[in-house]
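I've put the structures underneath this note.
Presented sequentially are two complexes of chain A, the first with chain B as partner and the second with chain C.
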Partner chain A sequence: MRERIISSIGFALLALCFVVALARIGLKQWWLPAVEGKEQVTIRVAHWQLEGGVRDAFNAMAEKYMESHPHVRIQQLPVPERIFPNWLITQLVGGTAPDIIQIGLGMTEERKARYFLPMSDLVDLPNPYNAGTDLDDVPLRDTFFDGMESSFSQELLEYYGLPLSGFTVRMYYNLNLLREITGGESLPTTYEELTRLCRQTMDYAKRTRQKISPIAGSKYNAPLLMDRLSSSQTGDLAKRLAYDFLPNRPSTALLASAFRRGDWSLETPEVEAAMGLMRDLGQYMQPGFMQLMRDDASFYFVQGRAVMIASGSWDSTSIRQQADFPVAVGPIPVPAPQSDPRWPYSQGPLADSTVEAGVVMAITRASKHPEIALDFLYFMGSKPVNQLWTDVSGWLPSVVGVKPAEQSKGFAPFLDGFIGGFNLSFSGADGMRVYRNSINRLVSPQGSVDDFRTDLAKSYSSAIAEDLRRSSLGAVQIAQRNDTLLAALSMLAASGEDRASEKLDLLLQSSAGNDYGARRTPAVWKSFEN
Partner chain B sequence: MPQPVSKRKALHEWKLYLFLVPALVLVCTFSYFPAISAIYHSFFRWSGGEAKEFIALENFTRALEDPVFWGGFLTIGILVVANLFKMIPAICLAVLIHRLRSDRWQYWYRVLVVLPMIVPGLVTLFIWKFFFNPNLGLLNSFLDASGMMPVLAFADRTLGWGGIFQEGIPTAWLGEPALIIPALIIWGFPWIGAVGVLIFLAGLQSIGTEVYEAADLDGVTAFQKFLHIELPLIMTQVRLMVVLMMIGTLQGYGLQFLLLGESGGPGGAGMVPGLWMFNRAFFAGEFGYACALGLFLFVVILGLTFINNKYIRVDK
Partner chain C sequence: MASTFQFNEARDAFVIATGDEAMRKFGEAATLLNVQPRTGGNIQRARRLFEEVARDTPPGSKLSRLSRFYIARVKEFYLAPQDIEGATADYLSLLQEKTADPLIEQGASRLVVIAAFSGGTPADRLQKLAALEKLDSLLETPAGRREFHTSMAYALLDNGGDKSRAVDHFLAADREGFTRKATAVSAWLVAATTAAEIGRNIDARYFFEKMLATYPQDPRNFTVRSLLGRLGPDNG
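Then we have the complex of A and B:
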């Protein structure tokens, strides 16, 4: 008998755990306070921002919303950045996507068109949650500092989602190390001062036999710095290529086509100077940084093993929470004009004017309650709630007139300066892949610009053509799908059906971008033959 | 030999066949349906979801000319050969445990071998990724502390390895194309897989004691026993492990994905066919093409398993 009891303890424990887990999930998923006359609804919101403070900010917004909407439960789904693209596509394709998803990682125009609800017909109407503020009656689009450019799809000519935050990229400094190495706390303001600090750090590390690097790099952080620097050399080139009149910079498709046509190449002097600049700074990061992930670089920096790290305002709270030394934040210095013959295309300090808002949250077509999802989206994008978001997360606001939190003041965008150009990783999945496969030839101690260029040239052009082909085919598919709808709406409009003409106009507008992409296809096929 | 059963007798208690239905439904849903769906979608230009375009054999002809896909098989070939050698420690450990005279100690060694199995594979991979960290990792620290780094640097200078090992500069094991394959081989040191050890042990335990007694009478040494008795008598298990290892190496890409990322690391040196299939599906959004690549992979694995079963015979 005793033996039987002992042998069944394990099973009983397992069964108990199962029942407790089931009950917990059941309570979370299905139990909602009863509200008379209203359906109980759960809205799921997914994002990849696992940085310090952000989940708290989402929770704070959700709790505030649920106070005034007791029949609604807002459920936050934070998904790690590393797996977000795979998770996203699985959810979208499987039809199990949450109601609201952050747009960005793993997103393509085709996926936007297919799986997300456009908001174009709402952007000229005011946000109801701004009532009683100075943004009362202001069109939704004008309540965001970027005019909702971050939500706008150039190819689909539609708005998708609302942004919650603004972002800038800065250099973080370990003030203790800076003081020890330079004897002061002044931050470099020019590229020359930056490289001088790097050399001083290397001398200091050698002298004191400490393992300290000037800059903590990783395959995530290094491009933030290098892209900024390389864009200081390609600004003029980008302007020459930007004849599709898109704001600030040429589109990906245009850059890719121009490359295939030979309007620019890896031999173009501006591009060569950009590569040289990347190599110059790459020498000051810890060896093998391109094999490291974002967390590795942050860990390296907060452990006091590097004087600097380049990252965005989104890492501010996390870095300050983890570092046991004072942290200062400054702009990324780029070469001044005529300061060095190696970088002749420098125009001067770069502005953050091209910066767009981020954390764009959009409603999926899979949502069973799109009207409630939209209401929560309005709520998050309103001025009072964006203030709450900023205060709790420490991130920059996206709504006009919201005051930045104390810790994010160093991240205010610089508006005076030149607009940067493009970098070599501009293309899609294949362009990025071959670029990443070759970058070690540029930044490793035994590498060189020529070595990198030779290696990249082997497959860069075909990779860009492949990306262009894929994006064009996507455009064709969307255009074909819209054609059926257009035909149906034309017939309905001709028969005098209500609102059919209006819908037809909207669809014709949004189809224009895809038609452009579809028309581009024969040219892309032709370029394959060369 | 089983006796044939008449139809009447087989259908006499037909209701019992209903017990098979749940298992059949699950197997069909989760094993056969995805496979059939992959075959179907390989004939389409499909990026997930409902919209797809029939393109007949275009995905297959494209796959035949895909240099990245076929280049991955070279990496796989190297890894398969390396994995063959990496089976040796497991065989040796199984023999050592088998020869322990104390049953109690045998039991505890088996427990010790199995214990790491409770650590999730992903955790092991992350730990190994940290070992390879150029600045904080165990591997470089060991090479520095043991004085092997100067030796490697000297060999690099003498043999012209291109400066991958330099004194005072941490080696980027996953950041140098030339070091990626060695890193993938070093991974898992000392290469003692619990499943392998248990399978070999099972084979060894089926060897009768009279064989050992006869060998002892003939004055056979311990190594000769291993070479002439134990190894030949566990060749069935070895062949099973070789098949499983080949299938696992050909299909697998988790190791490469986690250590090197979706692009296969610098120079694409760690790109394997499985990773390329994953890359096409989840990064390029070409699900139809990825299905076609998967079918090619299936055919290759089937062919190799067939060759292995047909031509690699075990004579006992």
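Then we have the complex of A and C:
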């Protein structure tokens, strides 16, 4: 009898769920058109930003748009980052892609060209939703702090989409722990203060018998910190090794060539100082951190098991939402010149290495209502709505003049610093692989610079060679692809086609640079085989 | 269709197109270079079509010359092993005709790059590069001159050549005008630091200041300002 009642309740609940689902679909399909007397249009917007606050920000923008456009329904499709690339290609090839998709993960230039609508004809015209603001009549391109470089495809010579946010990397602090450990809330402003805090944390953990690490690390977070530190020691070396150190920090081919010639090695003093610095701070992360994923490190931090974590502004709202303690953010300090004889190659503060915007949202060719999708894109990229975006998401704005939200003020781009040098994983995927395989020998308590160097040296040269080989093939493939495009543009320019001459000129510059690399990189690669 | 990377579809369209037969053949050949899967058969057919267009159209026509340019590209980038000697001869022959075509004039840049990474010693390569300096007089388009001078500047630096001459080439390239940010920034900053290194401070200042004025938000500008501040009077 009891079992029968439970079964009945189960069926009743199931039936209720079905009715509710049906009602929701019905309301979406019929209710709005009845209100407006217009055909209802649904614009679907897909992205992979599942970090806290972002979905709320998309919802806030959608709701605001729907208030003034009641016949339009904006539907947000947040897709997990892990499956986004596969989901994307399935949607694009299947012709079922949403109207607006975030550009980045799983995107290739071919896919961009085939499945997305370029916006190049619009970038010199004002955004209609900026009317009445100080960006009224300002060309769309100039309303974004990066001049829409993040939207511009260097290969396709077209603009795709509008950016919503800017990003920087900072150190997050658990203020409760900081107060308990130091008796105050002052954030470290120098490298010495940073390592002092790490030592104080170790002492505190020992004294109170708590499992607390100074810094939460993972294979994702640790490089954000380590690369910045190591590049603080290799700036002057890079300058001596390669003529393109300033624009390219330097290029892989020149750095690899210098390595092959013996102009630098894993024993070069600057490189040794970089390794020493990485060990100096790496020892303050939890054991085995290079085996951990991004979420593991974030979890470790929000559980209150680490005082600090290095991450980007994109994690700001997630961390604040999950942590039950106040969080502060500050720059990642690097050693100052002459501050410590162990790090004699420091130049001074380092600038944020990039100021490009992100979360670029673009319209797909599959959109049945591209004009409405464009209108919503303009809306999201306008000054008042970008302010809403940054206020709700806690992320940095992308539009000129939009004020960062209170919690994102610490992420404002820092430009008054030097450009750092190179990292040991400079050559690419294989360089990164061997570096990661050896890093435990550097940062584990039993490890050392010598141990790390000896282990890395076994496969370092061959990893660089493999990266060069892959890069050589890539350059030739780009040269071949450009050939067909150049032929087409050349004929179109000769026939007076609109913008063809301008595009041809841009592609000539791009392909000349690529073709240079298509011969230089193989020459460097071959030198590794001799 | 080519602009959306639909090379296979573009090739199919050219195969069935009617009208100007030379244009049809040229279009088919140009798209065949990227039809997937890329096969030796497709490349051979593309080459044959380019040869037919070059032969069957008036010798000085754009289509004839472009076809010859693409025969050189096939020799340089598509054959295994590459026919560098053949490509070199083709590029040179086209340049000597003073085509005033920005794409065909890229042959000058190609000759520089081929010489820059050819065999022999750096001294041999510098000698080859010196012999190519005269190509400048054959170039009639800004794009042709810009890419020639840019390649020459980098080639000299890559081979340990005369840095002052490299700066001259950067200045010549800059006079023609860069419109692509990555290309411009790279050229200006390499030119500026090279000029500063050899004491040509007026030129260094020119390039650094151009960078600051054109891209004021660039994260490299703190370093640029610092280097600019260290420049003394011109010694060059």
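Simple rule for what comes next: the second predicted complex is superposed on the first by the 318 of 530 C-alpha atoms of A that agree within 3 Å, B and C clash if a C-alpha of one lies under 4 Å from a C-alpha of the other, contacts with A are read in each partner's own complex, and residues count from 1 in each chain.
Everything that follows uses one rule, which is that contacts are C-beta pairs under 8 Å (C-beta built on N, C-alpha and C of every residue); 3 or more make two chains touch, one makes a residue touch a chain.
All figures in this text were calculated on a predicted structure; none of them were measured in a lab.
Asker: Taking the superposition on A as described, I'd like to know which of chain B and chain C A:Glu110 touches: first, second, both or neither.
Answerer: Both chain B and chain C are touched by A:Glu110.
Asker: Considering only the touch criterion stated at the top, classify A:Asp352 as touching first (chain B), second (chain C), both, or neither.
Answerer: So A:Asp352 only meets chain C here.
Asker: Using the touch definition from the top, say if A:Gln338 reaches chain B (first), chain C (second), both or neither.
Answerer: After superposition on chain A, A:Gln338 lies in contact with neither partner.
Asker: In this superposed model, does chain C or chain B come into contact with more residues of chain A?
Answerer: C
Asker: Where does A:Gln286 make contact in the superposed view: on chain B (first), on chain C (second), on both, or on neither?
Answerer: So A:Gln286 only meets chain B here.
Asker: Per the contact definition in the header, classify A:Phe145: touching chain B only (first), chain C only (second), both, or neither.
Answerer: In the superposition, A:Phe145 contacts chain C only.
Asker: Is A:Leu92 contacted by the first partner chain B, the second partner chain C, both or neither?
Answerer: First partner only, chain B.
Asker: Quick one: is A:Phe418 in contact with chain B, with chain C, with both, or with neither? Answer first, second, both or neither.
Answerer: Once the two structures are laid over each other on A, A:Phe418 reaches chain C alone.
Asker: Determine, under the contact definition given at the top, whether A:Ala487 touches first (chain B), second (chain C), both, or neither.
Answerer: It touches chain C, and chain B stays clear.
Asker: Now for A:Arg436: first (chain B), second (chain C), both, or neither, which partner does it touch?
Answerer: So A:Arg436 only meets chain B here.
Asker: Show which residues of chain A both chain B and chain C reach, each in its own complex.
Answerer: Touching chain B and chain C on chain A: residues 110, 114, 481.
Asker: Can you tell me which positions in chain C touch chain A when the two form their complex?
Answerer: 2-7, 10, 23, 26, 30-31, 33-34, 38, 62, 66, 70, 73, 77-78, 101-103, 106, 109-110, 113-114, 116-117, 143, 146-147, 150-151, 154, 157-158, 178-183, 185-186, 189-190, 192-194, 217-224, 226-227
Asker: Contact residues on chain A for chain C in the complex?
Answerer: My answer: residues 109-110, 113-114, 145-146, 149, 154, 156, 239, 243-248, 351-355, 413, 415-419, 476, 479-481, 483-488, 490-491, 494, 502, 504-506, 508-513, 515-516, 518-520, 522-523.
Asker: Flag every residue of chain B that touches chain A in the complex, lowest number first.
Answerer: These residues of chain B touch chain A: 45, 47-49, 51, 53, 132-136, 162-164, 166, 169-177, 260-268, 279, 282-287.
Asker: How about chain A: which of its residues touch chain B in the complex?
Answerer: 85-86, 89, 92-93, 106, 108, 110-111, 114-115, 211, 213, 219, 286-292, 296, 300, 305, 428-430, 432-433, 436-441, 444-446, 455, 470, 473-474, 477, 481
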